[in-house]
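Mind looking over this structure? Questions follow.
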Amino acid sequence: MSRVGVFLCLCGKNIGGTVDVTALGEAARQMLGVAHVEDATYLCSHPGQEQIREAIRTHRLTAAVVAACSPTMHEATFRRAAASVGLNPYLVEMANVREQCSWVHRDVHAATAKAIDLVRMAAARVLRSEPLYPLTVPVTRRALVIGGGIAGMQAALDIAANDQEVVLVERGPSLGGRMAQLSETFPTLDCSQCILTPKTVEVAQNEKVRLLTCAEVESVSGYIGNFQVTVRLRPRYVDAERCTGCGQCEADCPVGKSGMVRSEFEAGLPQSHRSAIYRLFPQAVPNTPVLDPETCLYFQKGTCQVCSRVCPTGAINYDDQPRTETLAVGAIVVATGLEPVSPGIYGEFGGGRYPDVITGLQFERLLSASGPTGGEVRRPSDGRVPQRVVFVQCVGSRDPAKRLPHCSKVCCMATAKHATLYRHKVPGGEAVVFYTDIRSPGKGYEEFVRRAIEEEGALYLRGRVSKVYPEGDHLKVLGADTLSGEPMPLTADLVVLAMGLVASPGARELAQRLGASVDEQGFFTEAHPKLRPLESFVPGIFLAGACQGPKDIPDAVAQASGAAAKVSALLARSEFAREPVIARVEERTCTGCRACIEACPYEAIEEVEVATAKGSRLVAHVTEGKCQGCGVCAGVCRSHSIDLAGFTDQEVAAQIAGASP
Amino acid sequence: MTTELHNVRGAGEAGAELAERAKALLAGGAVKAVLSWRRDLTASRLQPALFEDVTELGDLFIETEPGLNLAVYLRRAAVRGLFPVSIVTRPGDLRSIVVLVQEGQLKAEDVRPLLFDSDSSTILPGDTLAELLPWLRAHYPARDFEDGQMEAVTALEKLTPAERWAYWKDELSRCIRCYACREACPLCYCERCIVDLTQPPWLEPSAHPRGSLTWNLIRAYHLAGRCTLCGACQSACPVDIPLMVLNRMLAHHVLKEFDFAPGLDPAGPALLATWRREDPNELFR
Amino acid sequence: MTSMAAPAERAPATPGTAQGFEPRLVAFVCTWCTYQAADLAGTTRLPYASNVRIVRVPCTGRLSAEMLLHAFTFGADGVLVSGCHPNDCHYASGNLAARRRWIVFARLLGFLGIPQERVRFAWVSASEGRKWADLVNAVVRDLQEVGPFTDYHHLQRRTAAL
Amino acid sequence: MRTGYYPGCSLQGSAAEFDISVRAMAEGLGDELVEVADWSCCGATAAHALSRDLGLALPARNLALARQQGFAEVLAPCAACSNRLQVTASTLAEDARTRDRIEDIVEMPLGQTPRVWNLVQYLQAHGLDALRERVSRPLAGLRLACYYGCLLLRPEKRLGFDDPEQPASMEAVLQALGAEPVEWPLRNECCGGGFTISKPEAVLRLAGALLQDACAHGAQALVAACPMCHANLDMRQRAIERALRRRLRAPVYYLSEVVAWALGVPASRLALGKHLVRTPEPDALVAATAGGT
């Protein structure tokens, strides 16, 4: 039979001053199952804790109620004390008679009466409690990083630095992501490639990192510490073992010579083209070219085969096949990055129909020394050097009408950089910027924008552009200066749209495979907007970089390192313990109505078949690793066949009943 | 044999057609049995019957009055053993079958429903859920709240809380806790009904008015967003508690506030297991 | 033990209050927001009506309708449910799932004639200690207006009139 | 085919010729337009600015009437009318609570409201191929500038039959008639409609820019589908010419007029003479260009 010990803390005068602890003690002695009552001035003190341990031993207590401060304050303290003398910590219940009683009521009589009820409720509850034991979940000590951009590479390198294995999966043919496409980076204007290349090389050479390119996550099962991930590898048609990266195939490919295929890496600039067998850019890692069957003459017309003829090592393999590989990992880092909104949805700017209205990313390529114009700013239409460039900000940002209400965060800085670099390259040229607000928080950012305005002489006009259309071989830009309240019609040679940023294509599908969630722009939702920004809702799946929201390079790198730290902490031990507060199903009475499955925010419940006298039936089954213990499932179960350990129906009912004398 | 069918209650010509349709399914081997009604001359009302033999189909009748919902038998082992079965339904009955499918209690392919629409007193074409759902969706939930049907609800809503309380206290005080309502409802399929749970005793089992109040309250609540207004519970109640007033009130508000109507989409969500950000928030301060 | 006999301090009772009646209020609150708010009210020493008895659960989504009725069965004159604001749920959406249930449940209670003052719902975040104190005072005041829930508590005494 | 017809106030007054040509056009298409009995004000353009419910209730009454009178589709040629009616219909369709409130106000059941069309949507619904087949007087060689204005296209969320920023639906109609629509950038810019009384000088500037741009892109005439636009482009054109010190004399047709003409409706049944800028029959314009003048 259960013997509950009740421990009353006076907390100096904090409780004792308002609650008549003597009366409380007398009342407690009358309560069902209470075998022992004692008080102390400070139960949380060492002597106080010792007092509890002593009482548990001598009075052979089977459960304890501690009437003191808030459990948020000292529940852990008292549970540890009990555990140290062999009493299951989950059989220690606190009655919050300080924060929720003595501190909020002045009348001694009323406060005491309430304290008595609170202790009775706790005692009744703990009588119904059962011992619980921390769950231990085994951990596969290997991480998966999805996305080979700067964030993904940083995460992979940091995890590897902790001597833990990493598999880095990149959808494209090589590493680098968006950063590889940038010319210079704000606010320091150092060349993007130059600071990126060492990282890509480091990733490729790190023996703890396994790099899979042309690879996509196909399916994910399992849970924190124990994921099974199936990766699909597209054929590259080039044998990486044999390829020396000489580039002969690329050079001789007739598709390249014909110039009929625009380069995705060059953001589809009309001046740009690539071969059917190509590398995104010369320093690409891995340096093995990839053959694109969509544009390859051999795959399309069955002719050509030039690449295999010119390849000195016979590395070309037209029969290469797609394959899948299943990986066992303990943690996953999502670093799938972002993409610019398509200008196609902005008819007022020509919807992509006017060659000299280009996106910021295309302008980056025009500025880049490795770009199609060798770094000279030339108009796509006629190759002339534009004498006036109009930059339009917030195209696809802060635009609820296009269901893109968010600020894309980096465009203000990117535009200031574009204006600056344009002025450097075309000294006589005019840079006009239409902005909504200039947002430049970040080290040296505001100074950078000011420099663009004051030293580089970019003309900043606050207002949105309502329309752009060709007029002769110029562009008419119908802008407005909302500060002077005047319409600002301008003539320009080139218009650069600072396109808003959304999650990279496929993010939504990936989220579904991972069981994670994304917002309307496809950005992954973090577990808590303030306190858990590096975690997804799914335990063991972390977020790095722009997949969680628009970010500049330093932010992406910082978040990647943070996510990596969390991964390393998880992978540090071969198993990890967690609170045993999880849902459990009474299979005998579960009818398999699926309500709990639908209600679970974590996809932690599934249908399983159980044998019955009449054969078999489907019932709900909780995956311990996934369950977060919210109890929403228990709240919807009509037959109360699913319950929440630590907050069982029995415990809650007893606590409710305990509220009445 | 079909000649006898012309005096089917309320069904008229439809009866003959029904027998033919049922016969086709049974004879063709598409189903192993047909769940319908049989006229038993000794009984005052039609009896539910399971026809396994084509030759017996002559006794097959349609109960056109709302009442027994044959879907309730679909959880009987005897019937499950004969899946796939054909079952004669009225719209409310058929929708309860949709809910059963949605809640994983039944596989769509196990039932070949025949749908009798008393408004037009016709048997509708089609004998699979897929074929019949479009018709259901075209007519429901609109038909549930046609003129007259909401009168009892609105009348009560016009009263003061005290008056409503008095009304229900009186109505529910007649409840003898026989649970006929539960047994008659195809959606009350819990292996262990909450009222039979003794630890904790959420619902007081004894038939005193408070116990009966909580029982009827929880019964209605557990059917919120599920009840398809077939009327079986009320017609089964020996003391004539107006259960349908509760059910219809909830159905109406569920439709208004969540734009939700049950029994029209076997793949749809369950009302109380799901949510929308735009759900009304007025109740919360 | 007559624990409820004592008067509780609060803002001056509103006129028409059933004199001396101290309602019993059972509050079901979530661990992450409202329970923390109640603690905050304590640490900032905000006095409020002592009639409330808190039952802590991880999330308002954990609660079932039966639990609320249970409180009435065990003598509560009113019930209060409170958790995180709609988009702040620690468990992503538990409170949104709960919101639906309570809307339906409240409808039902209202239709049966149970005054809305007896079942109250509110979002109180961890930072809203003041809101918690004011809320409890307001709810208790309303309960004093509608008086004891004897209607319900004594129901079982009346034998069924068949 | 039998379509409900909601003329609205303009078509009974300043834009009578719009009404006349729409009816003639419909006849030419073999469609029967039946005026919605007891129709009342649509609330444009002031009501929704005063009160949301008023702005919804006024159109709602007309929708309810049309429904009662058994119309599945209603043609409201005036861009403002069709705008208000469509905005209301879709608002009520997606917001049950507002609908209940409005039903109480108009004291009529709204239920499934009829589909409302502006002139362009009406022609689209009719099918451009069907239209092409009925053309008996193709407008070959006629360079027309379609002017959209604002109410015809916006709000996109509610009307959404064309991209407000790059509209092309009227051009498609003209192509079906054999004409040569000119592409001109300002075709969806503001004509100053709202200021026509309060700030006429704004109208002169804005509408003036439109007329010049259209002419600059080689248009022989403009085509509009909105009475307000038409008033600003046609009625005020003399004032605009004075302000610009430039002779424009650009005829402004209603879309219904050119369609009706192409369908073979005799000029006698169109009130082209009611326009303030002399508006010749389309073929006269073609002849003029053919004659090289």
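By written order: A, B, C and D. Residues from 1 in each chain.
Here, contacts are C-beta pairs under 8 Å (C-beta built on N, C-alpha and C of every residue); 3 or more make two chains touch, one makes a residue touch a chain.
As the structure is a prediction and not an experimental result, all values here were calculated from the model.
Averaging the CA coordinates per chain and comparing them to the mean over all protein CA atoms picks out A as nearest. Here A-B and A-C are compared, and the pair linked by more C-beta contacts is A-C. Per-chain Cα centroids separate chain B from chain D by 52 Å.
A separation of 46 Å divides the Cα centre of chain A from that of chain B. The geometric centre of chain B is 36 Å away from that of chain C, both derived from CA atoms. Multi-chain contact residues of chain B (touching two or more other chains) are listed as 194, 200, 202, 272-274.
Looking at chain C, one finds that residues 64, 66-67, 70, 93, 97, 101 touch two or more other chains.
Shown for chain A are the residues that touch two or more other chains, namely 599, 636, 640, 649, 653. Residues 64-67, 69-70, 73, 86-87, 93, 96-97, 99-116, 120-123, 135, 151-152, 155-162 of chain C touch chain B in their complex.
Those residues of chain B lying in contact with chain C across their complex are 156-157, 159, 161-170, 173-176, 194, 200, 202-204, 206-214, 217-218, 220-221, 224-225, 239, 246, 249-250, 253-254, 257-258, 271-277, 279-281, 283-285.
Every residue of chain B that touches chain A in the complex is listed here, in rising order: 77, 103-105, 189-194, 197, 199-202, 222, 269-270, 272-274. Against chain D, the residues of chain A that register as touching in their complex are 346-348, 350-351, 401, 467, 469-471, 476.
Interface residues of chain A, counted against chain C in their complex, comprise 27, 30, 70-72, 96, 98-101, 103-107, 109-114, 116-118, 121, 517, 525, 528, 537, 581, 599, 601, 628-632, 634-637, 640, 644, 647, 649, 652-653, 655-657, 659-661.
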